[in-house]
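What follows is chain A paired twice: with chain B in the first complex and chain C in the second.
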Partner chain A sequence: MKRANFRRGLRAWWYIVLFFLYAPLAIVVLFSFNSTRTYSTFQGFSLEWYFKLFANETIVSAIYNSLTLAIVSSILATVLGAVLGYGMFRYRHLKLGWLIWFIYLPLVMPDIVYGISQMTFFVQIHEATGLLKPGLLTMIIAHISFQIPFVALLVYSRLLQLDPLLFEATQDLYATPWQRAWYFIIPTLQAALISAFFLSFTLSIDDFVISFFTAGPESTTLPIFIWSAIKKGITPEINAISTLMIGAVFTAAAISYAIQRARLASNPSRK
Partner chain B sequence: MSSLLAKRKSASGPGHWGQTTHLLGTIAPGILWIVFFLVLPSFYLMSIAFMSNGPYGLPELPLTLQSFRELAGFGFLGWSPGNLYTLARSVWQTLIATVLVILIAYPLAYYISTQPASRRPLMLLIVVVPSWTNQVIRAFGWMNIMSPDAPLSDLAASAGLISSEMGLFPSNFAVVLGLVYNFLPFMVLPLYASFERLDGEIVQAAHDLYARPINVFRHSILPQTLPGLMAGTVLVSIPAFGMYVIPELLGGGKSMMVGNLVASQFAEASNWPLGAAAALIMILATLGGLMVLRRLGQRLGGGKEVVL
Partner chain C sequence: MTNSETMQAEAAEAEAKRQTDKPPDPYAEVRRNATGGKPREASAISLRGVQKHFPGGVVALEHIDLEIEAGEFFTLLGPSGCGKTTLLRILAGLEDATGGAVAVGGQDILRTPAHRRSVNTVFQSYALFPHLNVRDNIGFGLRMRGVDRDECQRRVDETAKFIKISDLIDRDVAQLSGGQKQRVALARALINEPDLLLLDEPLSALDAGLRSQLQVELSQTQQRLGMTFVFVTHDQQEAMVMSDRIAVMNDGRIQQVGPPEDIYERPANLFVARFMGHTNLFPVERTGDGSLDTPLGSLTGCGDCIGSHVLIRPETIELLPPEEAGDNRFRARILDRLYRGAFAEYQLECGDTRIAAIVSNRGQRQYDPGEHVALTVDSSGLVFLDE
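Moving on, here comes the complex of A and B:
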């Protein structure tokens, strides 16, 4: 009897927390379809804010900037991080443990300190040399520096799972390092590299603080646009653009879940 | 074993010189990137903390500890505790939020672990997905819910918790709520991982010995889920302490945390050395917090490593 109550309580708790987790997102989505500007009441369904959205050039260029930033930084970070992860794996018998601090540093450093130290540094370099003007380039550099550790750790842990004999086999076959990379390492790591790319992409799209401090006047991304729109005074267009971003995240989550399920179904022995 | 491998390598591989090149070629690019674009900038920032504030807010020589005096509250107009309050508030709000997250996450993680194995991945995904949306959007959602004319604020006003023309935000309450919302998944995931490996027989044994529920938890469940709890505490409290977006949007001027203090010195107030001093304190507090949690984990875990 007591046990049953306990179970019912847990179940209720699950639904309460779900409500808590989804309420703020649901409000944003709901009011993006509101026909008036108020937040207290829902006056009627309308797509007005979505039409305004795509007529707004600032928003369209913010979408473009966000995507450019995420794609370019993720490609470069995947390459740099994968090479680093491979190096960490190959030379793990050397005493390179201290290197791990460079990997952990970006992970534990508060975002705000991260963004501001890069901002001050880029500003000084720009004043001294004229290079690295705040803009998309500095943002890409900043994003790569926090994406590298995630990629490196992902690739490193995947390599640890491989049979070490495989590496000896490539040596026994007199493969040159390039052949070994091309015919063995890259194909084996394919899945890890793809997930590293998408992880980097998500990290980049999700980031606000570091982008905000390394951005220039012409490199406004979507989160920065939303931020300044909130600061200036709330407009319903923010609800609409936020709803599109929420929709993108949920679509991506659904796709990745479907892929995982399919993989499990086709390969039930691997749990 | 490794020397044997090394011998084989030098016999068939590219030789010592080639190996060094290979080592540098693989490790150097990534590490140099982080050193040049993150380590150097943060050392530069820390050095600013010891410089004087120039007329335009930019750092100048000579070296001084003036910015640390200012951080402690000594300004032109005498002593004021504002900055110290901000530091204390950051610690306090982080603590409250972490405790609340633990209280919410424990039953939730346990509940998920009792579900059929085929359903658990989906349930975890449902918990995590909201945190994949941008944090600015999530804070904005809460602003909508807690704005003065929204139903929730009306409810709080009619219960006499706030005056009717005010919303629930900006306030300390809104900041803590935002922190809890933001970091809940970071506690649920590691706790779930611990619950998944939980040995039910130990819990059953405690029940069989007629232990009171609180003692069952203390002596059989808590020790087994400690690694998850400690990992979750690190993942929640460390970034919560450095939070910038949530206090800025949900807190307003009276609920600033140290991250906002840092940012304001580089933006409106234009006092880089003071901002850098606050940033230095933030880094030290973060590292200190990590060390304390590590110690705590070792003590509670009976000398075993449970954090990091």
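Moving on, here comes the complex of A and C:
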């Protein structure tokens, strides 16, 4: 009977955790559909705030900036990170431990330090050369730099799971290095690349700190907009924007997870 | 080589029949493809002084000289770490030699990268591509060389039929059993009609029954195609069943090259004898009167033999009733008898020495453990060897 109590306790704990994780999100989503401005009570369902949102040019441009930033940086980070991950795999016999450690460092670096240093870096370059004016381009570069380690890590761990003889088999079967990349490495990494893309997307779309320091006046993204709007108090529009972002990130994360799972299911025997 | 002559005769015959529009031989097409219309000599292999030194002072191959004839089923046999797989990988182009020359059909290939060599490999773990089904796995090499889809499709079907895996053609690689994977790996290599097919212990992951079945299938396939096969194994039984010739390797050197009978019946040194499973090896000492002193007793009738050890193959030993004394007969006691159906395997004790004998069960008297016999050695069947 003790066992049953223990299990009941675990279950209760699980619900408490879920409650604290998701109740705040649920409230934001709920009040984004509220028909009045009040926060105390839910007065009735309405899409009013969503219409207002899309009528506001600043917000529409922030959505556009956020999506452009997320999509462009994720695509580039996926390509560059995959090349990096492949390089780490291809030259793993060189024992590049410390180099790989450098690649992973941005994963644990505090965002605020990273953001400030990126800003300083871009400002210096801009003053010296006139290039890299703070704006969408500097944000894209900054985002790519923190997305790359995640992509490289995913690609590298996928490659490590493969039988190394497969690479030799492609050579043995007349594949040139380019053919090997196109007909073997890319198709084999397909699932890892897609999930790396969506992971990068979610990282980019909800990033505030690094974006804040590298943005220019024209390149306000949704998180930056929310931060400046919130000084005037939380409005139902903010709830509506937040709900849209939750939706976008959930979708991307779900696709990434589903692809990882499908790969595992189709390949159960891999160690 | 008689094998290649037969193949040429058969090819000519198939050609004649094809002209009358009635191909009588279902494999004629595959066989014609397999040689690519080239003369057989094109696939003879010659290795001269091949060396492989790994960084850090490890020597994988000392100095390998080897001639492999066209259309031959050639086996590299040896314990793990003897260099046989390294040699195979050098032939495939997956490893660089640090010295020497390798020629296929008179052309030096050491500088040719793996993907431009007309050499294909059946890997030990099969290395089938997990992202492709059976059909695309088999057709991979043709696709890489730019063969168009229809032609590729046709030849995949043909090869699958030849290897008897037509029913697996649309399966996923993950759904195949070990034996099926082995066949797919073989088809994937054969379809490219290479000058040389390399097989790296392709049967070692299979269970015993399937293994002996595939041994027969593999050597039949090789004979039908007349392709040069270089096969690597550590299993001397497998090597003897399948090969035209065997090279026994140890410590990066070739110990002996020859047909299976030579290797088994006349091993060149103690290593080869032990590796081929021989246990009846005894040190010999020459005495003044021309006879040889062995732990069994004195052997006569082999005065001109040189070597520090003698090998008495167990099947050359005869067991007679103990009262029949004579030259090269030694009194021995039966320790154990294993009944093997067609023959019986005896363990005997002769003085302090143990010796094994194999006696046919056809009309021979059976002895029981504890009985004494006269162990009779045929002096013409003795092999003398050195370390």
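As a working rule, the second predicted complex is superposed on the first by the 244 of 271 C-alpha atoms of A that agree within 3 Å, B and C clash if a C-alpha of one lies under 4 Å from a C-alpha of the other, contacts with A are read in each partner's own complex, and residues count from 1 in each chain.
Just so it is clear, contacts are C-beta pairs under 8 Å (C-beta built on N, C-alpha and C of every residue); 3 or more make two chains touch, one makes a residue touch a chain.
All figures in this text were calculated on a predicted structure; none of them were measured in a lab.
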Pick one for A:Thr188: touches chain B only (first), chain C only (second), both, or neither.
second
Using the touch definition from the top, say if A:Ile100 reaches chain B (first), chain C (second), both or neither.
neither
Go through the superposed model and pick first if A:Leu137 touches only chain B, second if only chain C, both, or neither.
neither
Between chain B and chain C, pick out the one touching the greater number of residues of chain A.
B
Which of the two partners, first being chain B and second being chain C, lies in contact with A:Gln171: first, second, both, or neither?
both
For A:Leu10, using the defined touch cut-off, is the partner it touches chain B, chain C, both, or neither? Pick first, second, both or neither.
first
Please work out whether A:Leu244 is in contact with chain B alone, chain C alone, both, or neither, and reply first, second, both or neither.
neither
Based on the superposed arrangement, let me know which partner A:Ile71 touches: chain B (first), chain C (second), both, or neither?
neither
Could you look at A:Asp163 and tell me whether it touches chain B, chain C, both or neither (first, second, both, neither)?
second
Where chain B and chain C land on the same part of chain A: residues 168, 171-172, 174
Touching chain C in the complex, chain A uses residues 163, 165-166, 168-176, 179, 183-184, 187-188, 190, 266-269
Along chain A, where are the residues that touch chain B in the complex?
9-11, 13-14, 17-18, 20-25, 27-28, 31, 38-40, 80-81, 83-84, 86-88, 90-91, 93-94, 96, 99, 102-103, 105-106, 108-114, 116-122, 124, 141-142, 144-146, 148-149, 152, 168, 171-172, 174, 177, 202, 205-206, 208-209, 213, 222-223, 226-227, 230, 234, 238, 242, 245-246, 249-250, 252-253, 257, 260
What part of chain C is in contact with chain A in the complex they form?
92-94, 113-116, 119-121, 123-125, 127, 129-131, 140-141, 143-145, 174, 188-189, 192
Considering only the defined contacts, which chain B positions touch chain A in the complex?
2, 5, 8-9, 12-14, 22-23, 25-27, 29-31, 33-35, 37-42, 44-45, 48, 104, 107-108, 110-112, 114, 121-122, 125-127, 129-130, 132-138, 140-145, 147, 149-151, 181, 184, 238-239, 241-242, 244-245, 249, 259, 262-263, 266, 272, 275-276, 279, 282-283, 286-287, 290
